[in-house]
Every structure is written in structure tokens, then in C-alpha cells.
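All chains are identified by letter, namely A, B and C, in their written order; residue positions are counted from 1 within each chain.
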Amino acid sequence: MKSLGSIRRSFSPWTDPSSKPFISFRNVTKRFGDFVAVDDLSLDIYTREFHALLGASGCGKSTLLRMLAGFEQPTSGEIILDGQNLAGIPPYRRPVNMMFQSYALFPHMTVETNIAFGLKQDGMPKPAIAERVTQMLKLVKMEQFAKRKPHQLSGGQRQRVALARSLAKQPKVLLLDEPLGALDKKLREETQFELMDLQQDLGLTFVVVTHDQEEAMTMADRIAVMAHGKVIQVATPAEIYEAPNSRFVADFIGDVNIFDGTVSRAQASEIRIEADAGFAIEAASSEHPSEGAKAGFAIRPEKIRVGRQVPAGSPVNAAEGELWDIAYLGDMTVYHVKLNSGKVVKASSLNAVRAVEDPLGYDQKVWISFDRDAGVVLKD
Amino acid sequence: MNRLLPAIVNRLVIIIPYAWLLVFFLIPFVIVLRISLSEAAIAMPPYLPVFAWADGLSGFIDNIRQFSFDNYVWLTEDALYTNAYLSSLTIALISTALTLLIAYPIAYGMAKAPATLRPTLLMLVILPFWTSFLIRVYAWIAILKPEGLLNQLLLSVGLISEPLIILNTNTAIYIGIVYSYLPFMVLPLYSTLEKMDHSLTEAAQDLGCTPISAFWRITFPLSLPGVVAGCLLVFIPAVGEFVIPDLLGGSETLMIGKTLWNEFNANRDWPVSSAVAAILLMILVVPIMFFQNAQSRLDREGR
Amino acid sequence: MNRWSRFNIASIVIGFAFLYLPIVLLVVFSFNASKLVTVWAGFSTQWYGQLFRNQALMDAAWVTVRVGLLSATVATVLGTLAALAMTRYQRFHGRVLFSGMIYAPLVMPEVITGLSMLLLFVAIGFDRGFWTLTIAHITFTMCFVAVVIQSRLASFDRSIEEAALDLGATPTATFFQVTLPVIAPAVFSGWVLAFTLSLDDLVISSFTSGPGATTLPMKIYSQVRLGVTPEINAACTILIGIVATGVLITSIVSRRQQIQRERDERAAFAAG
């Protein structure tokens, strides 16, 4: 379910060196006084891409979006859109439209006039405006609410109007600032898929800012994970999850266990790390730290097995400990295993079989184990 | 495109009101200061020296040479003025304290009123503010007169045997100031009290405070910004009040606003009245700056 | 604990009685048949008739209304600009002085403001009359307007302006199509406030007006000095009546709108 958006079509212009990016941030820096909101950032976004800027609040993601919309000017660097340098172009002359976090619907106008607002500014003839508004209302299934004012709408309806208004001018790029932030969980999940379908059908480029990793994972073709004004990693959701390029990304997205240790052998495709937790890790790796260097091994909880038997290959990729905590969540169970070294490891397993005969209990001695390609080696 | 033009148009938002206030609010004060340094004369305008633009720079310098501090010396030497300043400050101070004392329970009661009732109560407090100051002061004459309504009432109930003399005394001035400025005190108090989190006093009581000590230790300190704003809103204009002492006060009541008015309208001594105004302004500069600070802080918090 | 205690109710009742009783008495005695304003001698509207036959008073009322309409309108424009300057430009040269000039007139004793403006008009050789009166009223009322609008702008959601810019509206179009309509209620109440302040002013008017530009408060004041008469009560009652109806109507309308709005919001929320 989670990565439906990314696997339903094969779309990866960023792997093709001949394709030209549609939006380019080139060494963009933005300072507010002493505060550096965006720090020498470069990022390419491609036509028809659904691109998510993901990060905690204050990481610079919104500033980046606002620079693209034209509400902020970069302190240095340039932003190129479809071959045009955007420097000095005011927001009202940019071929991008934005959907605001607060929706920013005009409170004194009806749904209809809100949607028509941008078209009127362009001096579009009245019949054409009416036609486009009808089309937009239909698109977001709000036909029967055309004459209402924003305060007569529910949160979900307002969100749809905001979307229709920002799409009405058929912008080259739609910017979405926390588009689902104000909706409750259920509505948010439904709307995620609607947004994805819409983007696909209209063939638009979407740039969405979010702090919600699940939202980013669900919707985006690629995610740029941001922190302190920099992009830490840009990759597809699967790559971000399975092959984080840093401790920050590994830690930021989902649950992760990180074993620190020293590299004792570094061969072409295999690394051996003597973990501080008292066992050896042998892993496949594309990273090649030198022998004797410090390194980390990141592994997701669901890729760790927990069992009573001593695993084959022990003591490599296996360690002994006791069960510290068990959280039964119905579809899966999460175990906290305290290794003999004292390190607590999180492991989870799907409850694929109903009613386990002999479930693992508290304080039992157990072994954890994992495969050599189950995690990633992170250089320090 | 010409990018300079929008910038200037943009700035007009600031420039137009700024220029208006400079010309019609600030420069007049400079003129007051300047005339306070001139001598009275029987002429129009009734002061000397008169500066004429035609005299140019040399005329201007000559003009400055003729400035004298005589008016200020005269003001400090004449006990009438010193007393008027002192009694204005005293009256304003006492009335401010009285207004606070009366306004606080009202504002507190309003803040605790059911939420549905609050807008109505608020409107009822604001409403008198929209009716003429002069009319509201005038209404009290008929009440406070020796044969007025208050005395009639008190006599008929038998509380007093002969009419109280209230009109044309300082008591009448206090009543007038408290009455006229009450909304100015209630409004800032109400807005700080209304915003206050009720669970704070509940927490204090939960931790062992009696309701009264919870009020003094929690509610009152937290309402201080409103108290300060309200007191300044009453005190500053009350110091220079003219209508109230003129209509309700007696001939022996000295208030500087009245003195200035008389100096200007009856004696036609413009330089002296300018000096009176200049000194009053200097006395009030500090409280006005306090007020401006308090006000902009409240505005920022309102955001 | 958060109950409305007897003490709370009593303080409100007594406080409001104190605020309203004098005005009520004044209104009641304007219908007194006797010439005395302290002894009730039966109902009569004779003083109102006399009032309307008093040509000098009527002339003064006409001047007052003209000054009020003109000054309130100009003050609203200037006050709106000032409020925009204060909220939209966090830094500019002389901002402290500017905010000082906005706030100071709110508390400045009127004798000082009046005297200083008079001296300005004399210094530049501007004949005192209708226009000096209007300028003086604009100056002190625009600050009240600025404060009213400023507090509305402080809670204004700037993102709707950004949305307008984003949809292709120029800054000027954004101001007139989005900002102004949204703050219109505050602009309107600013105008009403300026108008009533102008209508009521005595001290500043006395300093800055000249021959032929006597306002109603000036006229009333000169008669009050000679003694309290039912005729003045009648004039005051009419003034109070005009202002009170105006304020009541606007506040009832805005309250109705708000209740309707809250009802709509609840309905929309329930409908999901």
C-alpha cells in the first residue's frame, strides 16, 4: 500500500543523463538576518515529477517553496524554471501556482469567484472563465457548492476549493505547502490518492512540502530529505527507506537500529564490522570504508529475526539477549531485545499465522539475527 | 521595466500619513516651543518677534537672538502656575486610582460573565465612549447641583438634612473624571482579564491558595499590562483636562488645562500659554512614551 | 470557581448604572415641561420645537455634520494608510517617531493639540474657519482610525494576499480586491469612530475654528456656561440618539452576521 504511488508506473527521468531538469535550484542560499534558512542548495526537479520536500519544521523546505513561488528572493544562487531564470520576476508573473497550508481562500468571495480569481487577473473572457470554473468544480467534485462562501465549507471541502483555484490557471508547476496538514487522518489518506491521480491525469509537475514522512512516501516520485537548509538525500521513497545515505536519513525515516563498530575487513563487496554491541556484522555494501575506520550498520526492525534457537552462522550477524518488551499490535508484534552488551534492539515480525502456539515471553533468552543484505553500512 | 516607480508608490503608504502628522502634529509643537520664547505684543499675531520668510537666514538668526526665557521665568516665579501644575497632577493621580478601583471589579465581572453575554457587555461599556464628552459632563451638573437630583434623593430619604455642596468642588471633578474615563480603564483591563487562562487560578487553588490569595498572587499580577495601559489612558489626558474642571470645578480649583485656556482666550497672552503648554508637554513626555511602549507591546502580543 | 459570582454581577450592575444613569436622567429631563432641569413638571416636547426654531443652533449643527463627514472620510484614508505602514513595514527610517505620532494624539491633552494647531495656522497665515477645523479634526481622528484598523490587520492572514499575488494579481489589485474588502468592517467602524469623535469635539474645535464655523459642541458649551436648560438637554438627547442608534445598528448587524457565520461553520463542519 505504502509505495503504491511510486511503483505504479515506471518514471525515472533523473536516471537518464540526457533529460533536462524542469526546475533547477543552483547553489541557492537564503539568509534572514543571521539565520541561514537555505544553505547553498542545489536540486533538480523534472517535468511531471511528483517531488516532495521532506523535513522537520525550520529545515528550509517552506522557504525553498516560497522562493520558487516568488515570495522570497534568494540571497545568492539562481532558480531556473523551464530554461528561464526566475530572478526578479514577481510572484504574479510566474507560471507557478501554490496551494497554501491555510488554503488562503478569499473569505469574501464564493467558491466560484475564488476559482475564477486568477483567470480574471489574466483578463480571460467571461464565457471562457465560466467554462473553466465549471470544469474545475467538476474536477474536485464541488459543483453543488459553487455559490458557497469559504466559511460555509468543511475542512476537506476548503482543501478541494484551494486545489481547484490553484489548478485553474493550468500552471506549469503546482506548489503544495503541507496540502493535507489540516485534515484528519482518514480524510488525509483518501486525499493523498486523489492528489496522486490528479497529478497523473493532468500531467503536471508537483512540488509538495511536508513534514509527514508517510505522506511523502505515499505520494512522491522522489523525496528530498532536508535538514538545516541543505538537501541530505534525494531519491525514490524505496531508496530513501532501504538505502539511506546517512545516519540522519536512516533515523529520520521510519524506525531503525544502528550498530556502531570498527571495520575489520573491507573487500570488494563485503564489509566486516566488529560491532560495539559485541558481535560481528558481515554485510554487502556499496560503501567502502577503510579498515580500522569507524562505521555504522543500519537495519530496520522488520528485517531482524527473533528466535530461541541459536541461528546458523552465529556469532556473525547474530547476537544473544533477553526480551525486554513486547508490544502486540495485532498485525505485527514489536520486540525490544536487550543484548548482553546492554544495547536495546528493536525487531518486529508480521503475525502471518493466527495464534502462535508458544509465544515468546518476557525475560526469555532469545537470539536476534539478520541477513547480510538486510541493512546498510553507513560511513561516519 | 522601471522598477523605481513601484518602490515609490509602495512607500507612499508611509510617506502620506507620515507627512501629514509631521506637518499638523509635530511641527505645531515646534511652533509652540518657539512662541513660548517670544514676548507678548498687542498685534496680530499677538507676539514678538514675528518671523517673516522674506527676511531669509539673517532674519532667522536675528529672530533667534531675540528669544527670551522670560515666560518660563515668569511661570516658575508665579505660584499660581506651579500650584496649577501640582494640583493637576494630584487630581489626575487620585482620579486615576479611583477609576482603577471602580473599573477593576467591572472588568473582572465582565471577563467572568457567560461567553454569550460578553459581547453585549462590551458594547455597553463602549457605547458611552461614543457619546459626547461634553454632554456626559453636562449631565452631572443637574445631578450634583445643591438643588440637584442627588440632593433631592438624599434629602427625601432622610440621609441628610441639608443639601451637600458637591458641584464646584474637587469632589465633582473626581466624579467627572472617573465617570468620563471609566471606559478607557475598563477596556484594557477586560481584554487582559478575558484572555487569561482560568485554569491558572484553579491550579493555584489546587495548590492551596484561597480564592482571595489566588486573585492577588495570580490574576492581578497577570493583569498588570492592562492596569498600566488603563492608568496611562486615564492619567495623561486627565492632567490636561479642561472641560471637567471648567464645568464641574469651582473658581478655586486650579487645573493647568483651564489655566492655559484662560491665558489664551481671556488674557490673549499667546507666549505665556505656549510656555504653559510646553511645560505640560515636558511633564507628560515620559508617561506618553510609556504609553506608546505599552501599547505597541500589546499590539505585538495581539498578533 | 469560574462561576459568575454575586459580587461579579453586583459590580457590573452598579458600574453600568453609574455609566448610564446620568445620561438617562439627561434624556428624561429633556421632556420636562418645566424650565427647571431638576424638578419634573410633566411631559412635553416643547424644547425640541424650540430647538429647531433656534437658527444659530441649526447652523452650528450643519457645520458640525459637514466637518464630520469630510474629516472622517479623509481621516479614514490617512488612518488606513498609517495602519498599513505600521503593520506591513517593520523597519523604516523614523518608525519610532511615526508610531509616537500615532499613539500620542490618543492621550494628548486636547488643550495642547488645539493650541499647537492654532499656532501653526497663524504662523502660516491660514485663515481660521471651516478648513482649519476640518484639518484639525482629520489630524486627531486619523490616529484613532489607525489604531482600530491596525488591530484588525494584526490578525490578518497574510497568506490570502500571497495567494492573490500567486494567482496573478498585481500588488495594487491585491490591495483593492482582497485586502480592502476583508478589512472593510474595521475601516467602516474606523470611519464611524472618526465621525463621532469629530461630532463631539469641543476643545480642539474651539482653538482651531474661526468666525462662521461654530460647531454644535461649541454652541452647547457657550450656553451651558450660562446655565442648564432643557433646550440643551433636548439638543444633547438628539445627538445621543443619533450616535446611539448608529452604533447599535452597526453592532447588531455585525453580531447577527457573526452568529450566522458561526451557524454556517457548524453546519459545514457537521456535513463534513
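Some observations on this one:
Everything that follows uses one rule, which is that a residue touches a chain if its C-beta (ideal position, glycine included) is under 8 Å from a C-beta of that chain, and two chains touch if they have at least 3 such contacts.
Just so it is clear, the structure is predicted and the values come from calculations on it, not from any experiment.
Taking the mean of each chain's C-alpha atoms as its centre, the chain lying closest to the overall protein C-alpha centroid is C.
When the interfaces B-C and A-C are ranked by how many C-beta pairs touch across them, B-C comes first. Among the other chains, the CA centroid farthest from that of subunit C is the one of A.
Once the centre of each chain is set as its mean CA position, subunit A and subunit B turn out to be 59 Å apart. Rounded to whole angstrom units, the spacing between the C-alpha centres of subunit B and subunit C is 17. Averaged Cα coordinates give subunit A a centre that lies 55 Å from the centre of subunit C.
In subunit A, no residue touches two or more other chains. Counting partner chains per residue, subunit C shows two or more touched chains at residues 171. Against subunit C, the residues of subunit B that register as touching in their complex are 6, 9-10, 12-14, 16-18, 20-29, 31-32, 35, 45, 102-103, 105-106, 108-110, 112-114, 119, 121, 123-128, 130-136, 138-143, 145, 147-149, 152, 179, 182-183, 186, 198, 201-202, 205, 211, 232-233, 236-237, 239-243, 247, 257, 260-261, 264-265, 270, 273-274, 277, 280-281, 284, 288-289, 291-292, 295-296, 299, 302-303. By the touch rule above, subunit A contacts subunit C in their complex via residues 69-71, 90-94, 96-98, 100-102, 104-108, 117-118, 121-122, 149, 151-157, 165-166, 169. In the complex of the two chains, the subunit C residues touching subunit B come out as 1-5, 7-9, 11-12, 15-16, 18-20, 22-23, 25-26, 29, 37-38, 78-79, 81-82, 84-85, 88-89, 92, 94, 97-113, 115-117, 119-120, 122-123, 135-136, 138-139, 142, 146, 150-151, 154-155, 171-172, 193, 196, 199-200, 202-203, 206-207, 217, 220-221, 224-225, 228, 232, 236, 239-240, 243-244, 247-248, 251, 255.
Residues of subunit C that touch subunit A in their complex: 157, 159-160, 162-171, 173, 177-178, 181-182, 261, 264-265, 267-269, 271-272.
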